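Next up: the structures, one after another.
In what comes next, subunit A is part of two complexes: it sits with subunit B in the first one and with subunit C in the second one.
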Partner chain A sequence: MTINVKYFGLIAEITTCEKERILFTKKNVSEFLELLYLKYPSLKNKDFQVAQNQELVSQDALISGHELALLPPFAGG
Partner chain B sequence: MINMNRYKRHIALSEIGQAGQNKLLKAKVLVIGAGGLGCPILQYIAAAGVGTIGIIDLDTVEISNLQRQVLFGSASIGLNKAEAAKIRLQDLNNTISITSYPKKLTHQNAITLFKNYDIIVDGTDNFETRYLINDAALITNKPVVFGAIYKFEGQVSVFNYKNGPSYRCLFSNQQEKEQSGNCGDVGVLGVLPGIIGSMQANEVLKIILDIGNILSGKLLIYNALNYQTTVLKINKSEAEISKVLDKKDSFKTKTSSFNCTSEVRKISIAEALKKKNIQLIDVRETSETPKIDSIAITSIPLSDLENNLDKIDLKKEIILFCQSGKRSKQAVSILKQLNINNCFSIKENSSEIKKHLENI
Partner chain C sequence: MADKKTKNVFKKGAISSDFIGTSIAKHQSKTTIGAHNIFLGQVRADVIDNKTVAAIEYTAYEDMANEKFHAIREATFKKFDLTCMHIYHSLGTVKAGEICLFVFASSPKRKIVFKAIEYIVEAIKADVPVFGKEIFEDETHQWKVNK
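After this line comes the complex of A and B, so read on.
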């Protein structure tokens, strides 16, 4: 199946796009991230949270929705 | 008696009225950081008649702040930000009480300070202070109006509001991972903190007035380039909150080890040369001019500092300089994090240093 993935801040700088559709067969968020790290190896060292269908979820959450978002913390003020 | 004519556009709103304006006049709000976010927050809450405002910031106004920190003018350069902001705000509204705290927020002073206010506003520029604010607000049971920016994007939320989620429920502190834009010199579109700070001021006023929907349990992300606004739901993590509350008795004994650029020790070239045992380090790229060669200098570009630590003589006092004084401050911060503490950043720029050395 495919899923829409949105990127914010520094994460979008690494992926060089703000959103994309990704084909996958994985069941949960952490398995999906492993797949994403193959495409973008430098994501692995970055601090971010994952949201599914506009709700922040833990890494063991099952992928049930149609949209994931990768959200890094911002420090600036 | 306060002249209510000042607030007649508030009072005209049925959602506010005289009763709402009275709530604003009785409210006490502490704004941490009078920078890009702090300026618009302070401006709007002071204008709205928030009766008691505290401003804490250790930094001084620099010319590079004026691109976005709209409370300040050229005459503010060199003044402490909390004090300069107070002067401007007292002119904007002389009927409210404003207290400036020209100091750093620490584990030692946060709890006592927070107890004097109803709402805490986070307008800081580094993660360590953001976690400190969150934890002290949890312990004192105060809501935090949070805002943070990165280049063209901003985040807004309200934490610890009526037992809602805290900042740690959103981002538990993953210190082993790289975090983006911690103080330093990341660029930012000048108007962005104006937008995000105004949203924070909006949340402050809504909390006081008890109107609308508060951004509690939600994180709003705004992109200034394409107007995309995303709101994500945050769930409360009792485990993260308990970790903070369980340690509240030892909170004050923690050290605030983090150093942003304001904490960097600065020195003039003349003072530096008076010291006996120094190593002068040029952190500019090797191609940059003017070249300085009238005195022994080690060249270690900032971009490669961490790979060249063996060039640093730890038995000496380390004096760093660059083109403007900005990168040398960053270099001192980096070295401090590596426990190399005997470092200073030269106040003057490279041309001034060259001139000084030629005139000795």
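After this line comes the complex of A and C, so read on.
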């Protein structure tokens, strides 16, 4: 399947884009991240959370949605 | 009457004192209110490694952020007996000394709004995907992290 992936803040600086479509056949978030680390090795040491369809999910969550987002630490307010 | 529709909380640039003043004035017709409480977040000129923060450039995962603001709103109305509440957050560049967050809670009684404002502001800091690029006077930057 193809997933829309969004990047923000420090993460978008590393990927040098704010969104992209990634073809993906694995099942869960951590498998997806392994794939992403091959493309962007320096993501591996960074602090971020993953949201699926606009809700935060854990590393072992199954990928079911069409949109993932990598969110660095929040800085609102 | 509580307005519980999902709203766009974001405003481009700093939140002006005119906007804040007008928001207060709009509540004069709501005469069941006896107490307003307001929180204003202001961009601080932090000094980090001898460099001074000149501005913060805010970005957000806007769809998720507006959902989170809505959830905070719902939870706040459930928890506190408020007449109304409003949240505005800046996007884009806000200079040091300017306002980037405006939270406004109103109730018949004061004790409720004191508690409500703290609850709302802490929830915003913890739950809403907003990101801040601290831009120094020499145009280098670092990414802000809420503590």
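Operating definition for what follows: the second predicted complex is superposed on the first by the 73 of 77 C-alpha atoms of A that agree within 3 Å, B and C clash if a C-alpha of one lies under 4 Å from a C-alpha of the other, contacts with A are read in each partner's own complex, and residues count from 1 in each chain.
We adopt the following convention: a residue touches a chain if its C-beta (ideal position, glycine included) is under 8 Å from a C-beta of that chain, and two chains touch if they have at least 3 such contacts.
A quick note: this is a predicted structure, and the numbers were derived from the prediction, not measured.
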Touched partner set for A:Gln54, first subunit B, second subunit C, both or neither: both
Subunit B versus subunit C as contact partner of A:Asn45, first or second or both or neither: first
Contacts of A:Pro72 with subunit B and subunit C, given as first, second, both or neither: both
Subunit B versus subunit C as contact partner of A:Phe8, first or second or both or neither: both
More subunit A residues in contact [subunit B versus subunit C]: B
Contact residues common to both interfaces of subunit A (with subunit B and with subunit C): 6, 8-10, 51, 54-55, 69, 71-77
For the subunit A and subunit C complex, residues of the former touching the latter: 6, 8-10, 51, 54-55, 69, 71-77
Subunit B partner contacts - residues on subunit A that touch it in the complex: 6, 8-10, 18, 45-47, 49, 51, 54-56, 69, 71-77
In the complex with subunit A, residue positions of subunit B that touch it: 33, 35-38, 122-127, 130, 147-151, 153-155, 170-171, 174, 177-183, 186, 188, 193, 219, 221, 228, 230-235
Touching residues on subunit C, where the partner in the complex is subunit A: 41, 56, 58-61, 63-65, 67, 89, 100-101, 121, 124-133, 143-146
